[in-house]
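Next, two complexes with chain A in common: one pairs it with chain B, the other with chain C.
And then the complex of A and B:
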């Protein structure tokens, strides 16, 4: 019983980590809170849902995931073109980006509500059986799949950021963008890369969340909040910190839901965030980025 | 003598305020050219404009062709700046800082070779290659910043106040290294407030005041010039020039 809860919690937390990292990677380079990320997750969940249903025989799961990831990248570039590019050209203050991102997020949620209504759509089942056994322990098929997919993607991302040339460029821009230009780093390319990463993550987490929770317009913004909590607790702009915090958040939520009921989870999670920030305002990773939110 | 950089009528504006007003400069290939002047004279602005970090008007001819204004492409062309205050990337290791310096180099073998060259030049950096660059001492950070600049195999290296905040012994070290780098065939532009030391190692020097060139000449000539001695070397006019 406890092991199942733990796996379910880690699996939920791993998806939160995907959301948190998608948010944190944009924050680290562009220094603003990209709340449009929530909207992108919702939009990608719908796109994945309709893609999955568009064929007489449903395509394999990884095809849908890949489609949604690419759709997320395209959407991310579109949002950048509409909302952020001109702000960047005029070197606008961070608050402009913040407002633009909230506007985009609200816009997407409402467009989705207009076209698809506020109903919940159940994602077509991937597995014939919802659970499987290893020995005498029962596992949820969906939770296990989500866990492995999320961990694989997080590992890939950590390697990308820490071991590649473009990852090094992203980290250098995050530390000091002007000095990175003196190294020959093209800031436009770096920013596009970051938006591509965020978009792909929104696409993947959108489909995974849809499978777990079903599809509805505010799916992404609700999850964005969790991702936001995780990346604030993790230390804004720190990927490792955000991942650790997100997984803890998922586990805590599952246990609280099980023992106290789902109504008390937001109270406890946000309460914990406030206490944590009062005790350790720099977050898990201990780096404090100025000019927050 | 050929000029690797020819700067004509360079003007730089910060908003409505003009910081540099029509400057002409020639940078001789393979030599050390100094730009000296007091704080706020516009020295840093000049090399930032060459680097493409601030917008400029006028022409900058590099190896016979106009130099691009895009900062990342200036580096690719071989004109590299070592910024004031070192500005190493704290949070990245020493080796990652060096690799970032070689960002424009695609060939992995070439990068490895460049790394080994830097470690040979500054063995201290090899000892600390896994260490966070932010934990190095001021002198070590300056060495790292210079090495990082060399990692892209530049033709022109522009150093902004490399002696700033360093102990005199270390300053001596840094200037010796700069001379050595020049002997290896890299053209040096040296921006400094430490006029005495700078003029003693440079081949040619420009004196900048309030965004204008007020004097130019060979390093040794400037060093003996009474105006320069009075304004930058702390020599009193009344004193006997033979006994500074």
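And then the complex of A and C:
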């Protein structure tokens, strides 16, 4: 029974991880929490849903995922142009980014609920059975898929950031955009790349979350808080830390739900966040967001 | 006055109260919080549940509610204000979620998500709320111009410089946070008295975000601007009720309009609508003189 809880927790954590990585990648470079990520996830879930429904014979799963990722990139560029570009030019304090991203998030949720209503749309199933067994332990198909997709994405991202020239540029802009300009890095292009990555992540997680839950306007913003706590606990801006913390959070949440009921999870989540921020603000593995005096 | 007009006035007043609470914290001390609505819920639930289950008079339980909100704010601020400002803002989101979870957890008394509606009726509510609003705006204005307020502004501008001038940064932050939370708590009680029903939904993080949006719209450095924008933007949806474009009622788009306005403000007029200008007697005198002069000139011609 305990092993079953652990497995369910890891699967839930994988979902949170997917959301948390999207935050972490933007935070690592721009040093603000991109609340708009939750709204983007919802919007991408809707786009994926209507793309899937647009064809008489539903396209294969990976086509929808790819389409949604590209839609996410486009949306991300759009949001960057509308809300953040001028702020960057004016070098506004982080609080304005924060407010702008919150406004964008509320805006997207609001527009979605005006135009599509608050009804739930069910994504067509891609697996013939929702669960499978290994031994006596039950695995949820979609959760397992999400776990593998997020691990694949994480590997890809870590390789991209640590091994390529683009990754080097991202790391240098994350440390200091003015100095990186002196080294011949174009910070604007780099920031666009980061937003593209975040958008693609939002697109992929939108479709996957929609398959797991279903499509509704607050889909992304509900997940947002969990992904956000995970990225705080993991160390803001650290990708590996965010993944570890997200899975940790998922496991804790499943155990708490099992023993204490689901209502007490926000309390424990907040406590965890408070303890981590008070004791170890850099998180499990954080090295990016260190305080500069 | 008709009942509708009275409800509009009280709505505006509550908005002004909550925004002036946020003003003390965000504008004076530069702390950004998305958990202020949680203090509204703490005081409102405490006040009305105690009044209901212990049969106490409402003014007594209101004091208990406000004091408890202050104590909770004090306890929460002790560890969290040691953190950087952005971490504090993040933490406040979690705090709001936690308070609402507790409210739902105590569903036996608070009636959980359905909402608690056994709120006594108060006579002459509109005058009481108007009086409280004026009092609070006056208090906040005085805080801004006091020594305490100037210390806060120094702290907002540069924390390290403020410390070098001998300001106890941490203690000041705790104080201002408690003040802001107490004002939010007063707003919460007024909210409950006006609506006669309180539900966890009306105190979630988007309610706190709305306060911040109203504040930034009016201008973070101007109390006049904040009060004006709190009143006008809160009333705006009421005027949009009858208007429809392309067959869609503009009233449904009120949140959309808020968000678009705030994005425009942040991008094009960072200091808010009023900038740093304040409405004061001096300004009125100056304006009167100007008008007088132009009238005289016009007369001599």
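The working rule: the second predicted complex is superposed on the first by the 279 of 293 C-alpha atoms of A that agree within 3 Å, B and C clash if a C-alpha of one lies under 4 Å from a C-alpha of the other, contacts with A are read in each partner's own complex, and residues count from 1 in each chain.
One rule holds for everything that comes next: a contact is a pair of C-beta atoms (placed from the backbone, for glycine too) under 8 Å apart; a residue touches a chain by one contact, two chains touch by 3 or more.
Everything quoted here is computed from the prediction, not taken from an experiment.
Could you say whether A:99 touches chain B, chain C, both of them, or neither, answering first, second, both or neither?
In the superposition, A:99 touches chain C alone.
Check whether A:270 is in contact with chain B, with chain C, with both or with neither, and answer first, second, both or neither.
second
See if chain A has more residues touched by chain B or by chain C, and give me that chain.
Looking at chain B versus chain C, the one contacting more residues of chain A is C.
Of the partners chain B and chain C, which touch A:83 in the superposed model: first, second, both, neither?
In the superposed model, A:83 contacts chain C only, not chain B.
Using the touch definition from the top, say if A:169 reaches chain B (first), chain C (second), both or neither.
First partner only.
Flag every residue of chain A that touches chain C in the complex, lowest number first.
So the residues of chain A touching chain C come out as 31-33, 82-83, 86-87, 90, 92, 94-96, 98-100, 102-104, 106-107, 110-111, 114, 225, 228-229, 232, 263-267, 269-271, 273-274, 277-278, 281, 291, 293.
For chain C, which residues count as touching chain A in their complex?
Listed in rising order, the residues of chain C that touch chain A are 30, 32, 34, 79-80, 82-87, 89-91, 93-95, 97-98, 100-102, 104-105, 160, 206, 209, 212-213, 216, 248, 252-253, 255-256, 258-260, 262-263, 266-268, 270.
Could you list, by residue number, the parts of chain A that touch chain B in their complex?
165, 168-169, 171-172, 175-176, 178-187, 287
So in the complex, which bits of chain B are touching chain A?
51-53, 71-72, 75-76, 80-81, 83, 87, 89-92, 96, 99-101, 103-104, 148, 152
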